[in-house]
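Taking it in order: structure first as structure tokens, then the write-up.
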Amino acid sequence: MNKKINITINGIVYEVDPGLTILDAARNAGIIIPTLCYHKDLCVAGNCRVCVVEIVGQKRLSASCATPCQENMEILTNTLKVRNSRKHIIELLLSEHNADCTKCYKNGNCELQELAAEYKIMSQDLIDLVPLKHYSIDMYSPSIVKDDSRCVRCQRCVRTCAELQGVNALTVAFKGSKMKIATFFENSMNDVVCTNCGQCVNHCPTGALIEKNYIEEVWEAISDPEKHVVVQTAPAVRVGLGEELGFDPGVRVTGKMVAALKNLGFDAVLDTDFTADLTIMEEGTELLTRLKKVLVDKDESVKLPMATSCSPGWIKYIEHMYPEYLDHLSTCKSPQQMFGALVKTYYAKARKIDPEKIVSVSIMPCTAKKFEANRPEMHDSGYRDVDYVLTTRELAIMIKQAGIDFMKLQDKKFDRLMGESTGAAVIFGVTGGVMEAALRTAYEIVTGREVPFKDLEINPVRGMEGVKEASVKIENPLAQWAFLDGVELKCAVAHGLVNAKKVMDAVKNHETNYHFIEVMACPGGCLGGGGQPIPTNPEIRRKRALAIYAEDIGMPLRKSHENPEVIKIYKDFLGSPLGEKSHHLLHTTYVARNRY
Amino acid sequence: MTTSYNLKRADFIFRNENDWEKILNRTLQKEKQELINELISSELKGRGGAGFPTGLKWKLASEDPADQKYVICNADEGEPGTFKDREILMKVPFKVLSAMAICGYIIGATEGFIYLRGEYKFLKSDLEKAISEFDYYCKEIKFDFSIKIFMGSGAYICGEETALFESMEGKRGEPRNKPPFPTNNGYMGKPTVINNVETLAHTFTIFKYGAKKFYDLGVQFSRGTKLFSVSGDTPKPGIYELELGMSLHDFVEEFGDGDTKAVQVGGASGFLVPRKRFDETDIGFKGKLVGISLPTGGSMMLFNSSRSMFNVLDNYLEFFREESCGQCTPCRVGCQQLLIGIKAVKQGNKPATYLDKLLKLTETMQNTAKCGLGQSVANSFSSIVENFREEMIY
Amino acid sequence: MITSSELKWCQAPAAFAVYLNDYSIIINYQNQIHFFQPIVSMNPIQEIISELADQYGRRRENLLPILQGVVEKEKYLSDYSMIEIARELDIPSAEVFGTATFYSFLDYKRKGKFIIRLCKTITCSMKGKNQILLAIENMLKIGVGETSSDKKFSLLETNCLGWCHKAPAMLINDEIYTELTPEKVREILSDYMKK
């Protein structure tokens, strides 16, 4: 029973829970106090000082994000002192900021710009400090570009990398006027322990951290008449893209997305969901094979739990942090890379196109995919399997550049051969989705029956909790799988690398007996990925998740093994899951990396 | 108008400490509440510069129900012109150690730390010897309190209490948000009493002689004595224990070289008082300098007419620009703007009126900075620019 | 031949031991042959850090004394030593870097054997710090921020050392020198040159 307290904001009395910050209390009262270093996903920092307010009786202003309400506190959010101070703070930030907005990637979507516009900073009295600073830009990473001249030192990226991801690639370094956000010894992000997950990009209010964009390269490929440009789209893109183009969060724009891609000039608009279904076939078979080897053959070289391998941020994380557990990873490539390998072999053959002329592009909610496409081993087709990876944001930019009125588009469907998918594939975009899809197929293969969950919705693996557990009991399996009779298949799902650490530490300390774990590097799963529309927060991610599940239940086919194009590819091309051709094109290896 | 207060010297701090064992033992026999009342009635205020009532601080910490508490002696003396804490630790360390132990007894802490600045490393071995002697005595009287030294590494901002905690926790010395306050959430999140070296030495005086003896010295709001670190254009540089409440006029009479143009009271984060204001300025916690209370770390730097106030301000701003932790916008960028601003005005790149803009900027820094460093830059900036404007321009 | 320190992980008493190609082969009294993985011999910095961690602890709150210990021995923190500290405490290397670079006395660039820190705050400035600086620069042929070519001296400026009544003042490593004059400085430095 919480005894409420009385506070006054701008003369009106409110009853609030004790300990609520002034910022939240004001928001509940319909008063918006501007912020910069504050973010719903992260702990309170209180360093930008933009959110200062006046408390009657106190000479100094207080940061509303960091000050808890107390009984009889009188708060004023719009006095002359507050406004003048805030204006000064914005001017100070602008004076050490490269304020040449027209040349900035985040022009139009920058929180500092918004503040400056709101407070009508029409002139700069202060001296421009930028020429004295010798800022540098780090462009060496294939995924992320770090431009120090745009940094407002809100430390959101540092807190994100520490609290949400537990990677700590970025830190605050030096002090005083030299204070900056840096990597270890100011090395390139490519050279430090960074998973490329792009959460820092997602949380950066300005253009200091942005994705490496390949828009111009893709435009060139599209305009080249010699090239056959194929595009694949990840499941999470279709529930995020709308936000960049006028829709509210959580609106599905699948049909419009396909139409837009066709309008942009791609020669074939195909679906990553197709290879997601394929991944389930390969990975499901791999899991069952491992289970047999461990439970029946007692083969010590085969490791359980098996971990999913579709999240390249997770892959790089485990390579750095738990290299001795690499043989727990499924050897399956991610859907993006499977697609890339198949497009220049299977698709090229079927369509009678010279694979040399195919440019394979993918639209991903992810920045780590850019790193993944660049990995040296991803050449199994004989060519670079995926040539360019564009984030959801980059696609939106291209759509706007092409002059397409996205909202007015008529829905279109994906092209054939590698464009068919099921509900199990689309849920790859949300945390727990890969697990659910795998269980839907594996359970049916083993028992001949559907998973015992209403509407195939495996609820224990759904939701935004950091680590989720589920166990599915196998009873009365088919004769071939008799060894699994009575086995409780124990599964764990983690999203956000800080939760991956929890699961891996539990595995390391032998505290668990999981058989199968799904890890997605980004909070919420891919729908919260580093390439998704900015801003991101728990509410937005929740809405995107609901959209993905709505898409799943609306699909005619809900299980990966029922996908007719998947059945066809095995019949015509691959043979069988884990067969020789699958092994060559659809499976990969990993490399141990430095932990520090 | 001159106050008729003449400088009153005292000699409590550096008086010998040979009886520390007796005083410690005697004090530990008393009731905790009695000791707290003693401290409160003495009206002792923190001697590091912030002036928080010491009795109240110890009382708040003692009231917190946490199981683990700490006592920390802040020996990160870094304010320009201050060197008294070093002398205390060199000459009468047992007073400080005893005071820490008594504080531990009162609040319920069994561990104490001395955060010693890196620049004073040469003190460490002698201080360690004193501590081991002290530990030995505590064991003899069966009093559970151990003291360790934690070395700093060259960061002025670590003198700020929450930054000090961060530093002791192995992190960057960046000040925290307040609330919560150290008496509830300090080192390692536990209730902590953190006091300046001199403050602790004064508590020893109070426990030895009683609160009244302390209270009877000084003036209203500024009871007791204070160590003043005197340097600059003076024939008598050194450390002097004086009763609080003296007028600056009398001070300069005693310590000036006959040509004193200005006195910087309280170090770079203090105020510069020009000659014309000596008469109306008292040194205490409610000093009469335009209604602002003068911070009393005790640093007194005298400047004669040969000194350029521009150079002085430039020196202070360079100091703050380097030593700021860099966390919050007003301080990090503000210090840079002020430094580069006064240079621009001096060189003629900006008009003289730009100084008024800078004054407004310091107001914002004072109102919005996260910790005392950013909040105090305005003190010296405004007092120098307002009183010596011509020297900023020509 | 095997050394006794390597033998310490040998469980059975050894009759005969050979060190061959990074592996140790031991034949014990039961005539059983054991192959042992080599002990990775710690390089000097790892040893220093391990000893410091033994002394102070391996938690985050022990980071600063360990950093100080390495600086005391090595005069600075190289990227390699920071990585080793990160390994010893199992904390991210970026955290070690971010913390170390905050503190002025934890140099991350190579320094000489004797680090001169000359106070540049107001009182020392007033009392002739510039002449002292000139004297040092002329004698050692280095400027502020530089290290002499024989790696013996580094010259830095620092903020208030707490000796304002005896200004100008400077630290050489942990030793304090006050009431400096150009002549006194030359004397002090020539003593150091002999060390």
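When the chains are written out, they are named A, B and C in that same order, and each has its own residue count from 1.
Throughout what follows, a residue touches a chain if its C-beta (ideal position, glycine included) is under 8 Å from a C-beta of that chain, and two chains touch if they have at least 3 such contacts.
These figures come from a predicted structure and were not determined experimentally.
J.: Farthest chain from chain B, going by the mean of C-alpha atoms per chain?
T.: The chain lying farthest from chain B is A.
J.: For the pairs B-C and A-C, output the one whose chains share more C-beta pairs in contact.
T.: B-C
J.: Counting only Cα atoms for the centres, state how far chain A is from chain B in Å.
T.: Between these chains, centre-to-centre, one finds 49 Å.
J.: I'd like the Å distance between the centres of chain B and chain C, where a centre is the mean of that chain's Cα atoms.
T.: 32
J.: Could you state the distance in Å from the CA-based centre of chain A to that of chain C?
T.: It comes to 42 Å between the two C-alpha centres.
J.: Where in chain A do residues touch two or more other chains at once?
T.: Chain A, residues with two or more chain partners: 172, 174-175.
J.: Counting only residues that touch at least two other chains, what does the list for chain C look like?
T.: 98, 102
J.: Send over the residues of chain B in touch with two or more other chains.
T.: Counting only residues that touch two or more other chains, chain B contributes 155, 172, 322-323, 325.
J.: Which residues of chain C touch chain B in the complex?
T.: Residues of chain C touching chain B: 59-65, 67-68, 98-99, 102-106, 120-123, 125-126, 158-167, 171, 174-176.
J.: Which of the residues in chain A end up touching chain B in this complex?
T.: On the chain A side, the touching residues are 44, 46-50, 52, 59-61, 63, 66-68, 81, 84-85, 88-89, 92-93, 95-96, 125-127, 129, 132, 152-153, 155, 172, 174-179.
J.: Show which residues of chain B lie in contact with chain C when the two form their complex.
T.: 77-83, 85-86, 117-122, 150-156, 167-173, 188, 229-233, 237-239, 264, 268, 299, 301, 303, 307, 311-312, 315-316, 319, 322-323, 325
J.: In the complex of these two chains, what residues of chain B are touching chain A?
T.: It is residues 155, 157, 172, 174, 177, 179, 321-330, 332-337, 340-341, 344, 350, 354, 357, 360-361, 364, 366-370, 375 of chain B that touch chain A.
J.: Given the complex with chain A, which residues does chain C contribute to the contact?
T.: Residues in contact with chain A: 79, 82-83, 86-87, 92-98, 101-102, 108.
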